[in-house]
Amino acid sequence: MTPLLLSTLDLVGTFAFAISGATLGVRKRLDLFGVLTLAFAAATAGGITRDLIIGAHPPAAFGDWRYLATAMAAGLVTFFGYEQVERVRNPVQMFDAVGLALFAVSGTSKALAFGIGPVGAVLLGMLSGIGGGMLRDVLVTEIPAVLQRELYAVAALLGATLLALGTWLGLPPAPTALVAALACFTLRYLAIRRGWNLPIATWRDPES
Amino acid sequence: MTPLLLSTLDLVGTFAFAISGATLGVRKRLDLFGVLTLAFAAATAGGITRDLIIGAHPPAAFGDWRYLATAMAAGLVTFFGYEQVERVRNPVQMFDAVGLALFAVSGTSKALAFGIGPVGAVLLGMLSGIGGGMLRDVLVTEIPAVLQRELYAVAALLGATLLALGTWLGLPPAPTALVAALACFTLRYLAIRRGWNLPIATWRDPES
Amino acid sequence: MTPLLLSTLDLVGTFAFAISGATLGVRKRLDLFGVLTLAFAAATAGGITRDLIIGAHPPAAFGDWRYLATAMAAGLVTFFGYEQVERVRNPVQMFDAVGLALFAVSGTSKALAFGIGPVGAVLLGMLSGIGGGMLRDVLVTEIPAVLQRELYAVAALLGATLLALGTWLGLPPAPTALVAALACFTLRYLAIRRGWNLPIATWRDPES
């Protein structure tokens, strides 16, 4: 993949994540500033946290104005056209899966480049993919969806693991990244289609 | 403005922000430690986040004991004299507006000094002003007030933008900072007096 | 204490903190990923925050795979054996007190080693001990327990203060750390046994 293609896909993911934040903000009756903040948080908090942890100053979201501009565009579109955005919920979910795949793979790759070991890099790659959604939910006082249902973080984990593994084996970077991202996207796509979930612990409340 | 005056105003802002945290803590029936924590969080979380993002180690709140002492003083006053503090709610709101103006302007200025571009510096200046209040609300599981109502973040945004613009134009620093802070304070003051709010998206729930 | 003993105790604390996170996750009906995330967050968020603030990149939790492995083990044990884990709640609370003592003392010590002043180092030591539990609670939208009841943070504060004081007085490091950790553990132990709490502000709601 060329850098231009990668960079374009990165902004596509940013846009999709920002839509998910702005949509939740409108539903929770936040004001315009709140909706834009949730758009920005959902799109960038994962990458910002990763950058703080690996010591990349400043995080990309504050050093490259295109992330802010993309998130603001997504936020404004959602604010002024919420009913239309709701109607294309399915395509947005596809873009979100693209964003998840790209963020997981590029996040792992960036962590490895900063000298983090493979286990830590996989964790940080996954965090790049899911951190924005977690902050989005916490800001409107909901338990993060990723902790409760659907197969979402596991898809990010798969992509991150494949990338770290390929790098460790010395496989060529571009095809490795492509395969890792496709695996993440495919697993997330199948999980949406088939309604896959992780198990929940079964127990009897000893107090009842 | 002399450094002494600036530093004094900074601690005035810290005190006012800490009062807002401690007041919420008392209302939520936190214990003494919880009230002091909310005072410290409200007063310092915005600046700490900014310093982490720009790579200023350690953040001022951990390197200068006067911030802790000021926040603790505000917390103790509120804990032991809550009813009296509630009675002077209006003056406290004025101090809070002073704090917002100072934090927005000094935050932008510090971000620029660390080599952040103008767009990122404006974001970080605004975050310096509103971040403490956001963490304060999240810690007691309320949706941050700044995302829902009143014209608060926009005032910080105005001050931050004017400072970045003046710096970019090469205007003399002190008058630029003064004008930017006054603009932020004035907008916030008018918003309180006149009850200005940002719009909320209008939509019909497609499921109802 | 030998480094091996210290390191073992550190992982014991990590295990106990992770149990507290996983237990809450099971109670809140999170899925397997959610339970493991809460285990990891409770065990490591305090230390990660401290490391970000003092500029130690990467935080230990991402640079040493044993923390992740320990937290995952605790999470899996709790997920698949929740009823049994609930039955040993009292021993777990003892391990948690050990973890609190170790994290408070080692956190203060690390902050001092990174050149933070005594006041900031005490704050960061306490934060190392209580930060994980705070994030654990915020992620499931509960007001952090440490802000509301029991004598928990104060025990961490005592341990951190004794360590900073001993270091400032030039006392030999190992006995200082031992005494500080024992003081923290003892205070926490007595607080559990006797049900000690901090005061809550008393006030009459002026609106009622």
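Letters A, B and C mark the chains as written, and numbering starts fresh at 1 in each.
Quick note on the criterion: contacts are C-beta pairs under 8 Å (C-beta built on N, C-alpha and C of every residue); 3 or more make two chains touch, one makes a residue touch a chain.
Please read all numbers here as calculations on a predicted model, not as lab measurements.
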Touching chain B and also chain C, the following chains: A
Same-residue or different-residue interface between chain A and chain B, half as cut-off: different
Approximate Å spacing (C-alpha centroids) for the pair chain A, chain B: 29
Residues within chain A bordering two or more other chains: 52, 55, 138, 141
Chain B partner contacts - residues on chain C that touch it in the complex: 52-55, 114, 116-117, 119-120, 123-124, 134, 138, 141-144, 146-149, 153-154, 197-201, 203-204, 206
Touching residues (chain side chain B, partner chain C) in the complex: 25-26, 28-35, 37-38, 48, 52, 55, 57-59, 62-63, 65, 68, 78-80, 82-83, 86-87, 138-141
